[in-house]
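Let me begin by handing over the structure; questions about it come next.
For clarity, chains are labelled A, B, C, D and E in written order, and residue numbers in each chain start from 1.
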Amino acid sequence: MDFYRTHILTIVAFLPLAGAIALMFFNKENKGGIRIWANLVGLAGFLVSLPLFFWFDYDISGEMQFAESVPWIDALGVQYSVGIDGISLLLVLLTTLLGSIAILSSWESIQDRSKEFYIFMLMLQTGMLGVFISLDFFMFYVFWEVMLVPMYFLIGVWGGPRKLYAAIKFFLYTLVGSVLLLLGILSLYFQYPAIAAAVPEIANEFGSGYTFNILAFQAMAQYLSFDIQYWVFLVFFVGFAIKVPMFPFHTWLPDAHVQAPTAGSVILAGVLLKMGTYGFVRFSLPILPEAAVHFRPHMITLAIIAIIYGALVAMMQKDMKSLVAYSSVSHMGFIMLGMFALNPNGLNGSILQQINHGISTGALFLIVGIIYDRRHTREISEFGGLSTIMPVYATVFLIMTMSSIGLPVLNGFIGEFTILQGALQENLWWAVAGASGIVLGAAYMLWLYQRMMFGKLDNPANEKLPDMNLRELVTLVPLVILAFWIGIYPAPFFKALDGPVNKIVETVRPGYFDANPLEVRNDAGAVPIAEILEPALEIGSGGGDNN
Amino acid sequence: MLELIVFYTFATVAVVSAILLITRQNAVHSAIFLAATLLSVAGVFLSLHAEFLAGVQVIVYVGGILVLFVFVIMLVPTDRAVFERRYNRQGKVALAVAAILVAELGYGLYSGRDIEFAGPVAETVIEGNSQWVGTVLYQNYLLPFEIASILLLVAIIGAVVLSKKPPSEEQARQTAGNSQGAGD
Amino acid sequence: MGAFFQIQDLAAIAPELVLTIFGLALLLLDLIVPDKRRLGYFALAGLGFSGILLFRLDGVDISAYGGQLAVDPFAAYFKFLFLIAAGLTIGISVRYLDIEREQHGEYYALLLFATLGMMFMAGGTDLVTLYIGLETMAIATYILVGFLRGNQRSNEAALKYFLLGAFSSGVLLYGMSLLYGISGSTNLSEIADALTRRPVADPISLLAMITVAAGLFFKIAAVPFHQWTPDAYEGAPTPVTAYMSVAVKAASFAMMVRIFMIAIYPLRDQWVPILAAVAVMTITVSNLAALTQTNVKRMLAYSSISHAGFVLLGLIAGNDTGMTAVALYLFVYTFMNIGAWSIIVALRRRDVIGEYVEDLNGLFFKHPTAATLMLVFMLSLAGIPPTAGFVAKYYLFASVIETGHVTLAVIAALNVAVGLYYYMRVVVAMFMSEATEKTGLTLSPGLVSVLAITLILTLFIGLYPDPFITMAQTATQGF
Amino acid sequence: MVPVYHYLFLGIALFTIGVVGVLTRRNVLIILMSIELMMNAVNINLIAFSSQLQHVTGQVFAIFVIVVAAAEAAVGLGIVIAMFTNKATVNVSEIDLMKW
Amino acid sequence: MNFLDQIWLIPLFPALGFVINGLFGKRMPKAAINTVACGSVLLSFVYALGAVLGLIGLEEEARSHTVTVFEWINAGAAHTSGGELAQFEVSWGFLLDPLSAVMVLVVSGIGFLIHVYSTGYMAHEDGYYRFFAYLNLFMFSMLTLILGSNYLMLFVGWEGVGLCSYLLIGFFITKRSAGDAAKKAFVVNRVGDWGFSIGIMLIFFTFGTLEFTGVNEAIHAGVEGGLYHAGDMIFVVIAFALFIGATGKSAQLPLYVWLPDAMEGPTPVSALIHAATMVTAGVYMVARSNFIYQLAPSAMLLVAVVGALTALMAASIALVQNDIKRVLAYSTVSQLGYMVLALGVGAFAAAIFHLMTHAFFKALLFLGSGSVIHSVHHEQDMRKMGALKNKIPITFATMAIGTLAIAGTPLLSGFFSKDEILWRTFSNPQGNIVLYGIAVVVAGMTAFYMFRMLFMTFFGESRVDPHVNVRESPKAMTIPLIVLAVGAVFAGYVGLPVWIAETNTFEQFLEPVFEPLPFEAAAAGGAVSEVVEYSHAFEAAMAAFSVLIAFIGFFVAYSMYFKKSNRARELATQYKGAYQVLLGKYYIDELYDFLFVDRSKSFGTRLWRFDATYVDGAVNRSAWATVKSADVSGWWDRWVVDGAVRFVGGFVKTFSWPVRLIQTGYVQNYALMMILGVLVLIGYVFWV
């Protein structure tokens, strides 16, 4: 038990891998056994991760907890070092949950080569978890890339008609990004010793030699010259933005989503995209604060473009999967908008929205997958009036639609509103533009829902469709529950985020939390609209702290 | 002055016959001009007081390598080659290249000529070029000398292996057959 | 005036001596032993024996034969590398030669002699030694490439390789002669001294530098001296190709490091830009060319060219990291590349050439394990963690970034992606296309063990590179 | 005493002629001879330097060069013969099975 | 037991009802479903009643009771526009004060009646349980909306009712038109919500809190401290943003287009959601935010104008509708216009008053119409009705009452409330004569079209399809009608105007919520805008005038549709001039010309067309535009963004060829390349 408690992260991360290795020794004809084993491992993976939620100390959610650290490559100062703060906590839990659900969802849809499929799923699981728990940049990078391979296969082998194109596109895009990312990491790596030499307290804490320790990098943030920050931010941006994906780099996403099998899409939308945003939160902001502030307008612009653009394109999709895919582009735009509002509300919302997006979009992909298993088409025009024969399905679909368009009492609303609130504090127009995404979101999601669920059941092919079976229900119920939970009582989540977020804001905008004198207001008389409409973008104004 | 004349006679012979070498249609003629070149080069060596080298040049090259060439030329019926084009398509380019090459090498060496070739102190002079060469060869360059023996061994093996008849007749015939197809 | 020959110098070249003896013995045994396969194992034994002796020289750092030969960690590291490469090559050769009906003792002897030449290239500190070693290796390789006498491709490959090789060694020699001329010595360090005494950028030294560099570029197959590579690699017997792509390259790089980092180090400012240009061209051109290849051997040939380009980056960086990177990269490359080649070897059957991408179609369905191995090797060649290839590439990037050649780094980085594209074509063929009746493998104990070794090391270095990095570091401390 | 660069120029001349031969002739035998020419150019350089520096290292080097030249000639001719037995030609222009 | 502290239960009961019916309804007998559905609503009505009584028990200034259940959102610190550090905290809090008291009673009460009615009306529809689940969900959302103690809670309810109206409009899922209408309603509302949410954020950004009480105090403090002044830009912006939301929900110009279509839903839904409760949410919200609006006079003016115009337009459209439900729908829009107008002129109490009375009679009318439709087997066209008054007497009687009430017949509820609004429009400082004029005209039109409806439906000769045998609706439907009719008669008496009673009790009750901001204090003895005092007699006279107007409307309708239903046409064709003389009203004359010059195209129809083609069309067109732009962006996506990548790919491919073409296979080409390489390198080191 004690061992478990001290090594919980390692166990959580590598349990799926162990399961995969065990799976290799199954006879590939024994499909039933393989299936059951895979599901057992997936479930176990979720269960072992649950204690994190209870053992986590929310009062110091900003600190790295459950930390472990073992030397790995001394020659480079690389360590196997893991630990989670509030942000990673949520993402890890999301990953384990979605992972087990995705595995369960493939029960019937994956029949050929199921053994390899589950092996890849489990490996993917380990890869993603590794990314979220790494405290060592080298290790982070390794996991970051390792996870590409299983995903490549999931798309390329079990995918749709244009799977090869989609798979290689996904792989190349991400690889280009991540190799540049590596260069960025290296240039930080070579910065460290000089700074450590100059600043004794850093040297005392993290040693004076070369290191990949993320915390060390964060500690040296304020000593990094702006030029370094500038360039490293750029390469990091490419690396992460491709993953997110942000506007110009998003085109791999629809292909990958549409071609991938259901489970793949769920994981892709639910977790993989979060790795990009996670990268921004964990690295770009705390390690490169000045650059983050400098690039803020550009990032915001891209984010807003993504919001509106993704929604518009989603509106014209005829394939429900690509519709959902483009909606993810829009949602990720929201996340980036909140993140680069660079204030607590925005960041809290942004990170919570990552979870929400994982839940609702993951669920939507499951829903699409369910209908796809029955009819083997995703053409929206093929369907109509399903709610008469599939009421349960219709209900769940409705709930998830509402969650994705941000209806209160469901999770999406909390995220979107806090994000916009954060954005508005910086610049009214950001919020206005962002909020318009909500309208469009309603438009396309309801269009989808109405086309599929309302109207007469005119397509004979649909007349005999069975409603969701128990297994499918089981895959969705947890997500529904979570959607309501976050929507009604998100307090615990915010509590987990509060610490890390405040830390980030403190680094990026020093002195944000100093309450400001009321004189600002008094002599200004009533607040002039100008102050809201265009606060200057550099730190200090808008936020109004006095440096 | 005399040396200069000697050198230039040898040099001219060498260059002219070299040019003839690469321009003759018949390989046999080329071989003969090669011999001429090698001999005149040996002469140059002599004019440089490298008697031993001159000897080696004559014996090994003219006596060895050249004979080898002639054998092969005899072995390989070159009559077919007589009626063929002598040069490949890139002749002109090659000449241009040659011009540039000469220019660059010449420029380099000529402009560098005044920088005296400051070597280390000369070795202890030993009477007689051959003894001297021998001493240096067997003292300083013993290791390369040994390796060279292996090198020659390898060469012999190679010559033997390669000129043995191909393993299986039918395979040879078949390959020869499609070689006609590939040939033209 | 160098020292005279002392008897302990023999101890210094004990491994080489052993190899020589075994080589000669092979030639004799070839006459008596009917089953030539035994000779293969005999050769293996010789390599092992020499390896053991090599270990006895571990940590020694002396100069033997009056400055002709250095017995230092660097040399030891590379000699070790060559021995391994040769051993692996023999492992995949035995069965192959049977299929080609070319089972001869000379093959193994030549392999040993080639290795011998390489060992002197790694150890030599004198132009003459280096050159003779180089030629020994080269001539042995010419013969090996042409070893399938009945096969036109083999002949052609040999001829091309030989002609260009001789041509390039002529160029190399010309440069060496100039080096001798300006320094009055053939000893690398003395040449360096002479160069430092001479005015920088004096034309003769530059001529010498370029011509020597050109000769070496040819050996490592750097653009534009690379064109022999695809043809030679395609025509040569596949095991020999594997050997060339690994050992010959490594040896040439060892020699290159000796010359560039010692002899013409004074001219570093002049040669860095040249190397940089050549490296960029090499990586890019070869990657582009590889994209559309349908013949796996040619594709791997181009890929090996691009890898050479990557290694050049380390030389450009020129600092400790860079040197370590070179050593480590060549070491890693040996395993992953021979691994990949052995799969190609396994594809060769009596009736199937097994060189084309289609021949790999659906391999996964017939031989899942083999396909998975190939996958690992491909990923490693592409530089995806957690394989050894990633660690090696990582080290190169690190060195380049450290010395501030950002542009180089970015270009190389983008090329990694291009590389991935064509490596993945193999993967697609194996995993995502239907199997044909042609698909199939011939496995032999030797081949299997080679695959096992290469796989294990590829993964192990990828997961725990620490010991190997330290090894490489100690080996390259001299520079 | 002839200045050394006269010899070097002779070397250049022979070397270039050799290069031209390699580049232009179709007959592989003549190409081989041209390569021998290049080797000789190198030898001339070496000898010239050695006599100018007043020591014989260059000559020793030249000996090795000659050895290598011999070895190469042997192997090269062997390859030519092997080639010829398979495909009755000594024309390099006809040797293009493998390209691209 | 103390109801006051359990007001959070009031919304909870319907929520439970929803859960039960939603999950198990499918397997439950109708009776059980009814009990759960109606029972839960009844329960919350009882609780509401108790709570309100408890509230009234308190003394006046303490009549504001907040109950916080638990913390909802806590998204960390935030800078307000003033530069202080605020905490973005929102909790599940419920607030009972006079305003919400009135609303909660109206909603739960009428809601209950409509539930009962529905048990009868929906008896034969399938998806019975679904219907009641939705209704309960609606009740939950509506009550949350009303009782929420902060703007975000209000927003929760706001969106909730939106969702329910979406579900209920689209209840007949097999009807494509229903689906379209539902989606239209939701999306149009979303546009409103967009403005609303911006407004909410701005409120937090300005005051650092979202609690009504908190904002209220902040504003009072600010005004007293001379910090806020009427007309400060920020408040105008906020007020404007909020009003966008209101126009969406309360179907005001320009966002009212969804409401008529919403009639696709079952009639009880129209009654409950699109007449009595949901559509008034906007009015409620603006009234809630009165403290902000008081700071933004210009926004107030905008509100008033929008309200007046909406009222006029909707009424004029209603003049010529033949679908009974559409008439009511447009009438609803126009009545909402009244309320908004009242808000605009600062008569918040009056607005709420009208809201209440309107809830009664409009619900009554809708249910009545539902009963009619039910009895003639789902025929909605009035031209296919007529002479029903004897066949369905109860329905007729109740509807007559409703009509009288809405038409503003004296001593009926509508009279008091509408008259209050008219008077305020005339007398309040924010009001003016133009608005008043419009309002009066609308009053006349209202009377006209309502009576027109009544006559066409119940009088004249029957145009009902003979095969249909008309029967009175079941008790479950008639009883609610009767109850509502009673309400429609007497609801007005809680707020008798001052020229009848000595004080307007209703206004007095709402006083604490709507107390005017202490500008005088701020102005510090500066010029206080003096309010013109009118005598009660004058006010009474005005009332009489409005009654007269209403009567004219009634008379026109009577003369044209009661006596002889085709008389109008004859007149128009034969004795046009005499007809004009008979009704010498100038603009009605115009109206008639338009009505009968051309059969198909009447002015109203035109307006309706206008509505259908332009306003509505604008929505469609914007949809079309978005789709087009989506096309464009999709194109961009496929060709430019992706194309760039593919270009790189193609680039690579195309350049891979020449690279390979160097590879001629001729050894001497290779040699040439090599030597060239050497030359280039030498040239480089020499001359570069």
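Rule of thumb we're sticking to: a residue touches a chain if its C-beta (ideal position, glycine included) is under 8 Å from a C-beta of that chain, and two chains touch if they have at least 3 such contacts.
Computed from a predicted model, the values in this text were never measured in an experiment.
The chains that touch both chain B and chain C are D, E. Across the assembly, the mean Cα position most removed from that of chain E is the one of B. Between A-E and D-E, more contacting C-beta pairs join the chains of A-E.
Spacing of chain C relative to chain D, judged by their CA centroids, is 26 angstrom. Work out the mean CA point of chain B and of chain E, and you get 102 Å between them.
Computed centre separation for the pair chain A/chain D is 66 angstrom, with centres defined by C-alpha atoms. Distance between chain centres (mean CA atoms), chain B to chain D: 4 Å. Residue positions of chain B touching 2 or more other chains, listed in rising order: 88, 90, 93-94, 97, 101, 104-105, 107-109, 117, 119, 123, 140-141, 144, 148, 151, 154-155, 158, 160-162, 165-166, 172, 175, 179, 182.
Touching of two or more other chains is recorded for residues 660, 663, 665-669, 671-672, 675-676, 682, 686 of chain E.
Annotation, chain-chain contacts: A-C, A-E, B-C, B-D, B-E, C-D, C-E, D-E (touch as defined at the top). Residue ranges of chain C in contact with chain E, taken from their complex: 159-160, 163-164, 167-168, 171, 201, 203, 206-207, 209-211, 213-214, 217-218, 224-225, 227-228, 230-231, 270, 273-274, 277, 285, 288-292, 418, 421.
In the complex of the two chains, the chain E residues touching chain D come out as 660-661, 663-668, 671-672, 675. Chain D makes touch with chain C in their complex at residues 11, 15, 18, 22, 28, 31-32, 35, 38-39, 41-42, 45-46, 48-49, 53, 55, 57-58, 60-61, 64-65, 68, 71-72, 75-76, 78-80, 82-83, 85-87, 92, 95, 97-100. Per the touch definition, chain C reaches chain A in the complex via residues 379, 384-386, 390, 394, 397-398, 401-402, 406, 409-410, 413-414, 416-417, 420-421, 424, 428, 431-432, 464-466, 469-470, 473. If you check the complex, the residues on chain B that touch chain D are 3-4, 7, 11, 14-15, 18-19, 21-22, 24, 27, 30-31, 34, 37-38, 41, 44-45, 47-50, 52-53, 56-57, 60-61, 64-65, 68-69, 72-73, 75-76, 78, 80-81, 84-88, 90-91, 93-95, 97-98, 101-102, 105-106, 109-110, 113, 117, 119, 122-123, 125, 129, 132-133, 136-137, 140-141, 144, 148, 151-152, 154-156, 158-163, 165-166, 172, 175-176, 179, 182-184.
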